[in-house]
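What follows are several structures.
The two complexes that follow have chain A in common; it is paired with chain B in the first and with chain C in the second.
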Partner chain A sequence: MKKVRILIIGFGVIGSGVARAISEKREFISDKYGIDFEVVGIGERDGCIVCPEGIDAMEAYKLKQDGTLNKHPCWKDGVSSIDLIKGANADIVIEATPTNINSGEPGLSHMMAAFNTKKHVVTSNKGPLTIAFQKLKKTAEKNGVQFRFEAAVGGAMPVLNLVRETLQANEILSIEGILNGTCNYILTRMSTEGLPYEHVLSEAQELGIAEADPTYDVDGIDTACKLVILANAILGMNVSYKDADVTGITQISPGALKLASDDGYVIKLIGEIKDRNRPRVAPRLVPKDHPLAVGGTLNVISLRTDLAGEITVTGKGAGAIETSSSILSDLISIYKA
Partner chain B sequence: MKKVRILIIGFGVIGSGVARAISEKREFISDKYGIDFEVVGIGERDGCIVCPEGIDAMEAYKLKQDGTLNKHPCWKDGVSSIDLIKGANADIVIEATPTNINSGEPGLSHMMAAFNTKKHVVTSNKGPLTIAFQKLKKTAEKNGVQFRFEAAVGGAMPVLNLVRETLQANEILSIEGILNGTCNYILTRMSTEGLPYEHVLSEAQELGIAEADPTYDVDGIDTACKLVILANAILGMNVSYKDADVTGITQISPGALKLASDDGYVIKLIGEIKDRNRPRVAPRLVPKDHPLAVGGTLNVISLRTDLAGEITVTGKGAGAIETSSSILSDLISIYKA
Partner chain C sequence: MNLELKDMPGQLVLALQPISEFGGNIVSVLHQRDKKTPRGLIPVQITFEMDGKKLERLINRMKSNGITIAQIGEDRLREKATMILIGHIIHSDIRDTIDRIDSTGYAEVKDLAVSMPGVAQHSAARIVINAAGKKEMQNAIQLLRDIAREKELLLIESIEEA
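Presenting the complex of A and B:
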């Protein structure tokens, strides 16, 4: 049995969800792969839990739900995540702090600290990847550790590992997809119900599908960030958010959706990179029986390849347990070989 | 550079297509993975090419296209594939003889001979897998070699490697999908054009999408075989073709498709295994915006998992170059680790 000591940095919906998944799946993973994942530290904004002999991850998850994480016996008030990462005897850092696409912080510093102390990084945090992909990749390589981020694009839907582990003989020629579940939900509802944008947005906000400030989603920023990550990681490009050409969904009318539908099309917010040109996010017409025409909050990515032709994958783009599937997949991949 | 010596057994559309792909992708794969794939033997019904110092795979492909494979300088008339497998100094056997779902032969004997002489097997041949999966798996394990068959289900579409390499933390709860491109083509055309079954079948035969004897496809046999492979390999079941409940598409009328369409549905031939019950193949109603509702000759598989929810993958289910993507992926996976 290989014992792997884990730090979880950022204990919000994703971070605490991963803790729960690690706890629930510990036996399954140790039986199947001979790997025992043990959480030995949790970093939050106002302090840390440090516990070299292992933390009961389900207990930490429950304390977090109750808002009493700082009542954990190993809680240390005011200790920073950076100090936790640098000081802890751990193998791997799961970085799950909120995405900041302007500075990439605090995730960027967390990842650099992890690499420089020879720890692998698995992350769902798009910010640092959108801003400093090459720097992060090179620092990981220099330190002989791995840098994996399946959860940063498309939640549960495998994309990066799909290319890396199942399409290895292919060159990826272009990428297109629906990478934001909120926009897909809004466009799907507008189309099927004939309702205006503002109405469906309010409904999505009530359901928790859209944020109070929906800009990041509906203006296409989130889609563009994910596209930039795919460009760098899959196509070997060197682009950042500012290189993308981005249009959101706020100007789409029920009338346009109706016209499209009458002709056998739906309108979707598509992120695409064709033949290594600049990443582009814009509403596009998609034939109704095309694999990209998926409804609701689903995400979908289509890859054009030289041997396999078009390969399309669809799945849930968000949700704590769903995203933990991708994080656990990255964790297992690092240690399985 | 790791040198890998390959035998290709069965040099029809798939076998010769793989030879071509190995030739075209040799530099890409050696640059990226440090593996050099060299074909050292080719087995055909009436003889073999044996060439320990390596065969020019593209030359062999071209000779096959011209019907003059037996003019190759290393051709040995009448030498059987079994003798080639047993005698050759090779690391791996690509088994690509035609599928026989009654006896599994000659593929079954080829695979057993490969395992028993410590050679890995990569195959696209469904027959042996449908009949003797457990026996093959155990023989491979006993001999410490690998047994991989991504190409046997869904052509270019990753399914087995998708589960194995990208959804490792998940339990797979159920599987459903369109696993036969011929049936999907026929139903799609009948639905969009309002044409009767016999008319579209003739059209598909003219286009080379359906065989002269279409029974194997339209009666659901091919779909059932693929489903049985998925049941055994992904769900850990122990079933064979006779355990499946199979209905084909020959009784579907344009009227039924029209009624379905008016209600927002399409009819598709779906293979499914729910909660480890017996494999079932039957025409089913699928909502038009559901990820399974793909048109043309596409294949699609949807996996229900405990963490990731539903993950769906769509791709080309047939074609020599497309299928070689899956075979090369298996080859690389064996040697990458």
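Presenting the complex of A and C:
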């Protein structure tokens, strides 16, 4: 049995969800792969839990739900996550702090600190990936550690691992897909119910599908960031957010959706990179019977490859449990090798 | 193009060779040996792409090869693309938008459907464009992109064309 000591940095929806998944799946994973995942540290904005002999991940999850994480016996008020990462005796850092696409912080510093102290990083945080991909990749390589971020693109939907582990012999020629569940939900509801944009947006906000400030999703920024990550990671390009051509969905009207529907189309916010051209995010007509025409909050990606032809994957793009599927497969893939 | 060939070796070559000589691109050949015409000729249906200006000369060449041409159906604009425009469609002079596509000579607006909600709200138009070939379609779409930018309209292209 191989013991793997984990730090979880950012204990919000995703961080605490992963803790729960690790707790629930611990036996399954150790039986199947001979790997024992043990959480030895949790970093939050206002303090840390440090516990070299192991934290009961389910207990931490429950405390977080109750808003009493700081009542944990090993809680250390005011200790920063950076110090936790640098000081702890751990193998791997799960970085799940909020996305910041301007500075990448605090995630970027967390990741650099992890690499420089020879810890692998698994993350769901797009920010650092969008602005400093090459720097992160090189630092990881230099320190001989792994950098995995399946959860940052499309939540549960496997795409990076799919390319790395099962399409190894293929050259990926183009990528297109729906990478934002919020936009997909809004457009799907507008189309099926004939409702105006504002109406469906507030409905999505009530359901927790859209944020109070929906700009990041509906203006296509989130989709562009994910596309940039795919461009860098899969196509080996060197692009950042400012290289993308981005249009969101705020101008889409029920009338436009009806005209599309009458001719056999739906309108979807599509992220696309063709032939290594600049990443493009825009509302597009998609034939109703096309593989990309998935509804609700689903995400979907289609890869055009030289050998396998067209490969399409679809799945849940968000949610704590769903996203932890990707984080756990990244964890396992690092140690299975 | 529907042809009628004599039931003799080499006839099909006599029909196809001129097409490639004139730079045509043969898409399909349907040779129906079991469906002879009353005159004992074999019907052959050929589909090809070619510069329409050379058609007259092609027909003459085929005839001089002894080929009977039963019927010619010309589909000048083979490519079709559907797009949607959102914005002040009417105020931004939709007639002018159409004219600018039509006047290219290689593409034309085949169909237009407009949806107009209340005043102050944005209208939408579904526009179907036909063009002579793939390259011409790309040019027509680029033209429409430019027009949309100039008139501040949102152009929604289909994922099929890109």
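Convention: the second predicted complex is superposed on the first by the 337 of 337 C-alpha atoms of A that agree within 3 Å, B and C clash if a C-alpha of one lies under 4 Å from a C-alpha of the other, contacts with A are read in each partner's own complex, and residues count from 1 in each chain.
One rule holds in what follows: contacts are C-beta pairs under 8 Å (C-beta built on N, C-alpha and C of every residue); 3 or more make two chains touch, one makes a residue touch a chain.
The structure presented is a predicted model; accordingly, all values stated were derived computationally and were not measured.
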In the superposed arrangement, does A:D263 touch chain B (first), chain C (second), both or neither? second
A:F149 in the overlay: touching chain B, chain C, both, or neither? Say first, second, both or neither. neither
Touch count on chain A, higher of chain B and chain C: B
With the two structures laid over each other on chain A, which partner does A:Y241 touch: chain B (first), chain C (second), both, or neither? neither
Contact-wise, after the overlay, does A:E310 reach chain B, chain C, both or neither (first, second, both, neither)? first
Classify the contacts of A:E272 with the two partner chains as first (chain B alone), second (chain C alone), both, or neither. second
Just checking: does A:Q251 make contact with chain B only, chain C only, both, or neither of them? Give me first, second, both or neither. second
Looking at the overlay, what does A:Y185 touch: chain B (first), chain C (second), both, or neither? neither
Residues on chain A in contact with chain B in one complex and with chain C in the other? 290
In the complex with chain A, residue positions of chain B that touch it: 21, 25, 28-29, 32-33, 150, 156-158, 161-162, 165-171, 188, 266, 288-291, 293-295, 298, 300, 305, 307-316, 319, 321-322, 324-326, 328-329, 331-333, 336-337
Please output the residues of chain A touching chain C within their complex, sorted ascending. 176, 247, 251-256, 258-260, 262-263, 265, 267, 270, 272, 274, 282-287, 290, 292
Hey, which residues of chain C end up touching chain A in the complex? 82-84, 86-87, 113, 115-117, 121-126, 128, 154, 156-160, 162
